[in-house]
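In what comes next, chain A is part of two complexes: it sits with chain B in the first one and with chain C in the second one.
Presenting the complex of A and B:
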């Protein structure tokens, strides 16, 4: 035994052991619990831009303006399997704008030109009007203003475009700034396991 | 069957969808330009089989959270930075290298990670996760909260010295340190325990009334994110301007995590040590310490913020360095 080892050292070591055990126990408890972690997500059924019945109102863009990160952590997502793939997509075109020589609206709806489209499937050169189109939303451009989601819902569309949190941008604030401002309480906490699948 | 034929076969007049009607009207208006009116129903989404042409539905764009290995990297950087901080201060006694580490921490934990996750704010999340069965925190947050405390049990507040982004930004602006009168310093130092109590009080409220005050009133995160509420940026600016003269006002008087670290540091085996010297009791180290952590020529480890200014000011350290080189 070290001859310099005093009673004081013993007390210190004992106290250190107790503190370390407490810290370790707390950390272990929290790690075991970590699977139940919750993250923010937009509830489409509540969101003003995507819920039914909200027609004739301006799209709510609080997700764009309130988010603490510079390009909002909310973006529009197109659920392709639900998309009507219309030729005259009301989320792509500003359908109230003048019609050009191809019979299509001359203006686009997205203020940041984030939506692109390409014809898919067996294109019929005789009949471009009835072709199917894939609508893709550029992640770098979309700032979650919700204008397209507002247009893409029944009865005009099928509601395939909805606003979603992008987890590569969301910093998971304790109290999401958008949720503070959201008039419909559409920002909800969901389990992380559900958010990632 | 052509795509048009398939599309037409889908058309059932029994369920006229509003959009198709509206588009029909639209198409009629523009008939001269088109040979076939636009008449595809949109009450069902066409699937791969209907679309044909070997079409595959593209995956729904779902940006995943930060890579898990990047999260591990965050924790590893935190642990490494604390290790380097204590090695630079306790072994090398090298203030210049420590300032470099401080700048690196501001860059990584501050501007790159935007001040999040930090152990200071995580006090409340940890408190909620420990008490509320319906709330839990990611492992990264757990590690970020506990690692600096474990470090403090052995080496003191190595986290405060050049690792914590909030401390680091204040350390870098401290240009003309003045000594705060000791009694005032002690009295103000009690504020951080009051803040800790307040933070726990708000964290342990029921979920609806819960308020994460530490993060909301973080004075520097607005600078790291280069955006924020104007009043918080103003408060942060006041802290930085005051911090040019008063050493690290947030750390010493408000930081609730500093309070926890101070308690753990009481058990520390190693720490900054001032060795009294028979020939030289100049007290330059005590004068150099902007945090009032050297009392009666002894380092008060629980208040020591690992800045190594005392070593930089010590004439003995300097002569030793000359001899060695």
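Presenting the complex of A and C:
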């Protein structure tokens, strides 16, 4: 096994570990809250950053600024089954930035550099346009600002990135501070059983 | 070169010349009649935009093309239905594997080309519907990258197939046998000479030049065959959320673009400067 592969495997396993720890922590929280209770979640069909039809407006960052938890309990989540795996992902790149010598936008969109990308499947090292890419969001860096979700949604992208409350971070306020500020009433109570599925 | 809008055909509604829920494809015949693939119908307008006829397809229709014989080919899920010029069904080609979702149809050297968005390939079929070969399947590595969900192409006078490869921000040229001959186009987020967004251009039409549409923001453009931008035909008239706008060009150089949200066909003509 060469060194390149070893590093890649290590990074992949580390990312997988973070995801599993996040899911495990969240699941534990939900199990403790079971017995018919409800929890807060972002309704992506209402959220300004992901609802269809809202184009040409700035991303809403109230999930970041209003949450009582440090760095917010909201994270951007890429639903990989819906992701187009684009070469030029508008959630990863600032697509209006200057084009570099590889033909790619020279700036990234995420202000916290929380998204990484790597080619998947058959890859052409000479021409990035020939490849599919996997986009992973580092939840330790993400603060739920919503910029990537806003750029990912239709018609620019496929809407695979949405904002979600992470239950290993949420402290379950009776009246969620984000819900009070949200202009679209996108913070909703859902049954624990639905949050677990 | 500049263009001006000269007509709007159809529109959203339940009237006889309107489209209820979808407008996915448009095509022209030699006389300039306009065929719209809308809902589960083919709606036929004369060259002046007046309704001539409408008939039903068995399923929602995703594309339409008119052969030199006058036969009307309609792309659907897992099948192509072929109608005569009176709108009577004459053939149905069904194929679960090769015709997953037929989002474009064309003709080359007596064969039929079907853009299958499910298989991300153009299927070349003979005149009886028998499969001959794939085009764009693995050229050069991952084939047609279509996050937008549509395979679209045009065929030039020399039989070269110009296929949109929006994930690569290119229009690729193929021989009917499937050989990749070259491409034009590059990404650019602000310069209209390039193709912007995650995946553009989405749709292609060929006449004397290369006509394309893009999404987010929606616009129609003309490029030379060597890739130079010749004109932005229009952008502001299209609804901001529309994507996969079918485009067609007639012998006079009039350009027809299907707005998939307003469900209207916008017609533009070149303005002599």
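Convention: the second predicted complex is superposed on the first by the 160 of 197 C-alpha atoms of A that agree within 3 Å, B and C clash if a C-alpha of one lies under 4 Å from a C-alpha of the other, contacts with A are read in each partner's own complex, and residues count from 1 in each chain.
Keep this in mind: a contact is a pair of C-beta atoms (placed from the backbone, for glycine too) under 8 Å apart; a residue touches a chain by one contact, two chains touch by 3 or more.
These figures come from a predicted structure and were not determined experimentally.
Contacts of A:173 after superposition on the shared chain: chain B is touched, whereas chain C is not. In the superposition on chain A, A:27 makes contact with chain B only, while chain C stays out of contact range. Of the two partner chains placed by superposition, chain B and chain C are both touched by A:130.
In the superposed model, A:158 lies in contact with both chain B and chain C. By the touch criterion defined above, A:52 reaches chain C but does not reach chain B. Of the two partner chains placed by the overlay, only chain C lies in contact with A:96; chain B stays clear of it. When both complexes are overlaid on chain A, the residue A:86 reaches chain B and chain C alike.
Within the superposed three-chain arrangement, the count of touched residues of chain A is higher for B, of the candidates chain B and chain C. In the superposition on chain A, contact of A:122 is made with both chain B and chain C. Within chain A, the residues touching chain B in one complex and chain C in the other are 84-88, 90, 95, 99, 103, 121-124, 129-132, 154-158. Residue ranges of chain A in contact with chain C, taken from their complex: 52-53, 55-56, 84-90, 95-97, 99, 103-105, 121-124, 129-132, 154-158. For chain C in complex with chain A, the touching residues are 140-142, 145, 147, 167-170, 186-190, 194, 196-199, 215-216, 218, 240-243.
Of all residues in chain B, only 2-4, 7, 17-19, 22-23, 26-27, 29-30, 33-40, 42-47, 51-53, 55, 57-66, 114, 116, 121, 124-126, 129-130, 134-139, 142-143, 145-146, 149-150, 153, 211-212, 215-216, 225-228, 264, 267, 269 touch chain A in the complex they form. Contacts from chain A toward chain B in the complex involve residues 12, 15-16, 19-20, 23-24, 26-27, 29-31, 33-39, 68-70, 77-88, 90, 95, 99, 101-103, 120-124, 126-127, 129-132, 134, 136-137, 139, 154-158, 160, 164, 166-171, 173-175, 192, 196.
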